[in-house]
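Some structures to go through are shown next.
First subunit A sits with subunit B, and in the next complex the same chain sits with subunit C.
Moving on, here comes the complex of A and B:
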């Protein structure tokens, strides 16, 4: 195990040596092949090996991971911490339920309508709050999230939102060729969540590597300098904010399709902090970390939640990971592997 | 009617001033928003409940702030100082985590049920001023709130340490160059801010209910006030707390159906008009 990691990473880190003997570098095709194998194996294997209960936990973990992905992207690229992710996540689900039951829309129509409303809300909110400094942004997202979760509980909206009871979603017909029973089946839903998480991860990874990502990171480092240099610092951040909320809304819609139920707790602060914890645990740099963090959180919550320790653990994890392991699990393993590869190369040469 | 409304909003604002000015003080010195402030306030309320059961309300009002000042010193030494080199956002997140931990520990010991504290004999009942009957306790609350506000203003305005605090809040690097020890000031300010939160917690006992959700409610309200007041501006925070109290109370009278949302609407309106808040806070990147 030890040897293998060393040799493969060392070979991968020296593309020039390979390229000079055997044509073009093998690094890209090898990476692509490896990614494809992980994708296919991850899509197929769990349905065969894991029971329904494990799959359900894994599904929850993937959805939380998608949400964590959105928070981590904004943290990593723009230096902005959003504490109101749950209001988008739960809000999208709740709107879907309302569109189905109150506005009598078809499932696909309700899906599109709720998605659009959330995107418009995120755009308006983002237009207001992304121009503030990062600390104020954090406070404002917390306040906006609390506003939504209080708004849902208003007495006057009870007929719409179900108040503290939440809403049950039973849709007839199909969405993208899948029926309610398909979404409720853990094994079938795993495929949907897996593909969704991959798409979200790849999309945000691509944005992070694009010009937009570069501008976001530069603004994060020094906004004034970017403004001096003639860059618009407002629009890129707004676009990033809307983009991550699109990912959060998709996760929320997938969640309500899977659970068939939306509760007011899914809009609450504890979901937002859980998301933050998942992102910090996995590591905010890159797309793999937050999703792994979501999975870890989901299984850890199953272990400790019955003893009422989830919230306490949430607090401890936030503190410990920021102070001691700021790179998170995936980031930490990644840098450890690179370090080992570098040491191994020095020994061989 | 109007007089009653103003008095009620002053009573609410009194509590908020004590908490929000504590937040603004720490922010001024350390550039950190203490997201755990709500939990400190909640600890103050629960400790106040326990001490009041044993030795009465007045004892609680003295003992709890002292205990929390010690907690503030621990917070300064164990969290703020070791993390001085980290980014402000990271420290803010650590305070969020510490607040969650503290809140959970309190719930572990006291359970999830709401508690209430009786006001002492002399403050219970109501008095009649200008044909209006008003609870004595709320008048006491207003006096305490405005009194602590005045003390704070006197301290900041007329003592050497207050001058240093203002200097560091205005320009940390220049203040340090002039030989001000920001660490020692920060110790003072952090313990003071925690003690204020303790006073607010004890005072909240007979006025609001003591329940496990009080920390989140209060911290969100305080954050709204700090943003409206202009982050880091103490004067702005005081004005914003008064405004907030008025809007909150007026909202529950005139717009009871959406009263819970009124503070947020206020926040959005202020952000639209003046994104940096109403006070002259230091603008930070």
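Moving on, here comes the complex of A and C:
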């Protein structure tokens, strides 16, 4: 599914290859208009129609969706499964809380510091592990994630991390004009999370359609051929790994701003596996699927928890989704729509 | 163009190549490499292109020792390889993958490669859905992009009929002659090799057996005894 401009060659007009953006098209203004309507409606409508409880669930779903987006992008573009997403998500929040309480930084300063530390960590870890094969990569991200999540529970670090009790965020001041109460308000936070999810989705969508995305997919498909075509196959994967961890870190920072608290569970394996499930449920092929998957998962978990059968029903739903929607909900609906359009075109012609 | 000196490659305790010498000139002739199964032909190409690190020996390319250089570096310096088993991007269209590589190597004459390999009719098709013979051509086309100085082709005729193999060899011979580049071709189809190659090297059990013109090789009793038999 490529939007291509045409370039004229001796072979005749030829659609431009992957890595180029679409040119003028009748569909483009309509698509942009539709997207703008969805964006504005989604930003505004929930605050009017949903109560605080539903908005809280939706906020959690959006943040889980952003985290799922980071995992989905790496899977889809690079063929790599990262099982340590929670360590970045929770780790960013924990660093923010530590920066506020221990280092006495301003909220903006703490945000920047925790973000930078995560970027450095992701770069160093990525430099070591993206060289490996996909299975080893998955296990190494799991190991690194578990190392972090258990490390914060060490008695020697308890004064910084709060240990099993977690850490309350000592938020004084404001970030981009928003204070602690604004971030804690479900309705106001929904707007922040919605914009954050859109920006993350658009950014990764743009990367996916760029030359970097084309190279990542080609490396995923045939790494050896890429090397034999003169490509460095290491650096693109490292860049992708750092980018997705940036998205995960942003999700984690938004989470801690909203919750006002960071618990050790937010760095744990269950968050990482929930993230993977959300990505698979929604679909990993684009930016919309993981966000939708996060929302579905968040609401489903609440519903199942109310019945006291969280784990059982979650397991059943996962199996059903993967059987009925092997490409995820969004992927399945998209395929169905395209098939219907193709059938419609055949019938009219 | 290419000088291989005392090249040895071992896989554990198995010696795949033993002190092989090879010299290839960049004068526009095809240099064929033949030998029975297990002779070390593919291993030789692997060592030259960097896919396999030699145990001992050197590989010199354009007067530079490249023994320790990476595969990607060699490619960017104009050493291209095609594979015995077709290695293309199944989920990309023919044009997408050719363009991706051409863009990276700064080759703005992709149309020439498309024309030479007769791929114009398949550009919009995904490589995974085209016939094997066309996939072979895509594989070779990927090696031709970037105007390489040295082509290393590992059984380019594998899976093709005798007629298709001969046609491919003739294509390659003309291309190599026209561009004055060097090409080393490993091939089992001895008839095609003798018909199109100006120089032929014979390997047997990892050792160099003989190098010469096709006529000299046919007449070499060691080669006849080890490989060609009475058919030559």
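Keep this in mind: the second predicted complex is superposed on the first by the 304 of 349 C-alpha atoms of A that agree within 3 Å, B and C clash if a C-alpha of one lies under 4 Å from a C-alpha of the other, contacts with A are read in each partner's own complex, and residues count from 1 in each chain.
We take it that contacts are C-beta pairs under 8 Å (C-beta built on N, C-alpha and C of every residue); 3 or more make two chains touch, one makes a residue touch a chain.
Because the structure is predicted, anything quoted here is derived from the model rather than measured.
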Which partner chains sit in contact with A:79 here, subunit B, subunit C, both or neither? Use first/second/both/neither.
first
Between subunit B (first) and subunit C (second), which, if any, makes contact with A:335: first, second, both or neither?
neither
Which partner, subunit B or subunit C, touches more subunit A residues:
B
Contacts of A:108 with subunit B and subunit C, given as first, second, both or neither:
neither
Taking the superposition as given, does A:224 touch the first partner, subunit B, the second, subunit C, both, or neither?
both
Look at A:319 in the shared chain and tell me whether it touches subunit B only, subunit C only, both, or neither; answer first, second, both or neither.
first
Look at A:31 in the shared chain and tell me whether it touches subunit B only, subunit C only, both, or neither; answer first, second, both or neither.
neither
In the overlay, answer first, second, both or neither for which of subunit B and subunit C A:210 touches.
neither
Subunit B and subunit C footprints on subunit A meet at residues 222, 224
Under the stated contact criterion, what part of subunit A meets subunit B in this complex?
79, 81, 83, 128-129, 131-136, 138-140, 142-144, 146-147, 150-151, 153-156, 222-224, 269, 273, 276, 280, 311-312, 314-319, 322-323, 326
Residue positions on subunit B within touch of subunit A in the complex are 31, 33, 82-83, 86, 88-90, 92-94, 96-105, 108, 216, 220, 223-224, 226-227, 231, 257-258, 260-261, 264, 267-268, 271-272, 275, 283-285
Subunit C to subunit A touching residues, read off their complex
49, 51, 70-72, 75-76, 80-81, 87-92, 95-97, 99-101, 103-105, 110-111, 114-115, 120, 123-124, 142, 145-146
Write out the stretch or stretches of subunit A touching subunit C in their complex.
9-11, 14-19, 211, 214-215, 217-218, 221-222, 224-225, 227-233
